[in-house]
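Below is the structure I would like to discuss, written out as structure tokens.
Which chain is which? They are A, B and C, in the order written, and residues in each are numbered from 1.
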């Protein structure tokens, strides 16, 4: 029996390095299979989804993943148009979706929602983003992309730039990177530094520096992970405009980077990476989106097949 | 040829006891099949849906049912975002959905809408709730649950509690129960009693008593069917608050019930059944939801296969 | 290799008569196949859709087409509820959908959007309506319907009536008809005549007359193609009411038509064709909708199979 069978996927913190490597191997296998064999993996199985925050991107990634391995998807993509408007509890809605599916994907604004859902569901629950910190499948996608494009994770110098305070992606990625021996530089405006209440645990596993200046690090990085700076996070617009420009990745910045460095982004991108970058060999964010489909297919394949695939 | 082949499912009144029993047998068969064989039943067939009232719950039940027997679903889950906003008639929309599918599911606020749709559609139409009285697949689901959990329907004492005036579920269930020899007790606030204009026909087939006090019946019931009391049904809030508490099913009430009694609910539940009840052996409402998937799968399998399955 | 393999479908102007005839032959084949063999054509393939204007009708036609040939569909049916609200560019959204699918369908209000999308996508892009003039799959559906119902296109007298100024359907149809030797009569209120800036190219290929009076042509036509006159197109309501009645096709008008003439409409229809017409042998608009499913299935089958089907 494979160790992921019927297991929930709630937090990246629950995964050991060894487990991550196994998922990466399964992802390699997914990619190497021809489409016809791939579709046998979850043939006739159903993925349920339940989104309390709309996220077309994440939902489609799971749907495409499930389709690629032969399964189908159904669920609630926007809870505001559903029966829960009538006041149904999360627990009841989760139970219903679990009746209609073999595994379920949940996105919810509250911390702990996925773990709670996993307790009431008798089908495996996959956290597609919850609260302020957890987005485990995004972290797995990000780690896989680094590994695939740099051939390793250990030993890399990784810059993470943008809004580090908000956005669960960064927290999940840092926890995931905690399994590896990496040199991480967090680069953000003062007001968007990583939350100190969240770093205690991360610091036990990971060394990182913090700074506000991307230029200080740019020539040294193997991986530049860019995130969006959202206007609505700033108390006044002036402060937003002040920092906005300084973190835009353009050709000028790219020229200072190592030749074999890679640029990642969880997408959607607004203007924090110039479109000039898109066709350079360093731009890997669309590749990252494609890997996201395959890492999710691997996770679903492992979760739903007793003997793996 | 099976008698349900290509037949519309418009009203529970159209089904004889014998027909209901045949559907229950087919549902038993659906449940007993392994998932792989089950998926052959409607392999490659398409269910169209057309919802003039949003009902995520019912739509997902049909979608999950169709997926479990190998078919797929497409349609309009919320008519307000569709071409009918441009003023297209129900008849035309029904014709189009019927072109795109092998059978169609319709939910519509008006009485008679499904029968009308069946006339213009050249594919079978399944009523997923229309007007004030009809929700035949819910009634079949409810009857099947009773039969399965109590091993019979004849001879049972069945309490139906809550808002009996509004909500098509109760009317359909009563018509369905009219095929059996049961002792029905309707329990509701005065202002939410079953509509007298709807009971004429029911009374011809079914004996029932009406009362306002659940305590008078609770120790005698084999089945307690609970429905939601919707705040918006009351002209003023005070009257709502007055009756609200008296119909909440909690552990205290359960203790007065027979040991082998069962509690049902069409869901979604708000607070009319305490969550304390959920883990008791008497709570069968989630089981009921699961049976709903299989009764619908059986109905679709019979409707779409000349020789049954 | 079939010439349509991996090709974008952007404009009806890109199709030669010979190519149209090949698509018609493939559609004939789709129709002649039994459903089980038909479903092998795109088994396990995924169609992505991306709608910047809602169009339930067109989306469902593609979904039903894809389902009929064994594929599945996923995407964004209403961009307003998606990540692009966060400001993502069309190019990025197209790239993502193309990662998740084998071919993609795009509807967008701007001229040139599909051609742009085809440039950034590495999967084939099918234009499901863009700007003021392009709706190539609708034109192919319309031409196929004429050919199928009249056994030919060359030599026919075709009246196109209604709002010819707005609505991309008419422009695409005229470009398509430009490949044939037909006698076209455009009939519309003065204020809704075809746009002169769009007719230059059409005139090079197609002879047509323009008039305001449907009665002048009605007894002569082989095909009457009716389009909706939208109230919102008129600067004041009085002018709308003035012209509205004169283009309603009813039994009185039908009686003046040739016995074997056919009436088409891209649907949805409001009241420009009386429902009295629906059951006459001349009414072919629902047939046209069904052919739309099969022409799209043929296009998808050709686009996604190197050696055709």
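What we mean here is this: a contact is a pair of C-beta atoms (placed from the backbone, for glycine too) under 8 Å apart; a residue touches a chain by one contact, two chains touch by 3 or more.
The model shown is predicted, which means the values in this text are computed figures rather than measured ones.
Colleague: Taking all residue numbers at the subunit A/subunit C interface, are over half used by both copies (same) or under half (different)?
Modeller: Looking at both copies, the contact residues mostly diverge.
Colleague: How much rotation, in degrees rounded to the nearest 5, is required to superimpose subunit B onto subunit C on the basis of Cα coordinates?
Modeller: 120
Colleague: In angstrom, rounded to a whole number, how far apart do the mean CA points of subunit A and subunit C lie?
Modeller: Here the centre of subunit C sits 40 Å away from the centre of subunit A.
Colleague: Got the subunit A residues that touch at least 2 other chains?
Modeller: Residues 72.
Colleague: Sort out for me which residues of subunit A touch subunit C in the complex.
Modeller: 35-36, 39, 54-57, 60-61, 63-64, 67-68, 70, 72-73, 78, 228, 267-270, 275, 286, 289-290, 293
Colleague: Which residues of subunit A touch subunit B once you look at their complex with the stated criterion?
Modeller: 44, 46, 72, 74-76, 81-84, 86-89, 91-93, 95-97, 99-101
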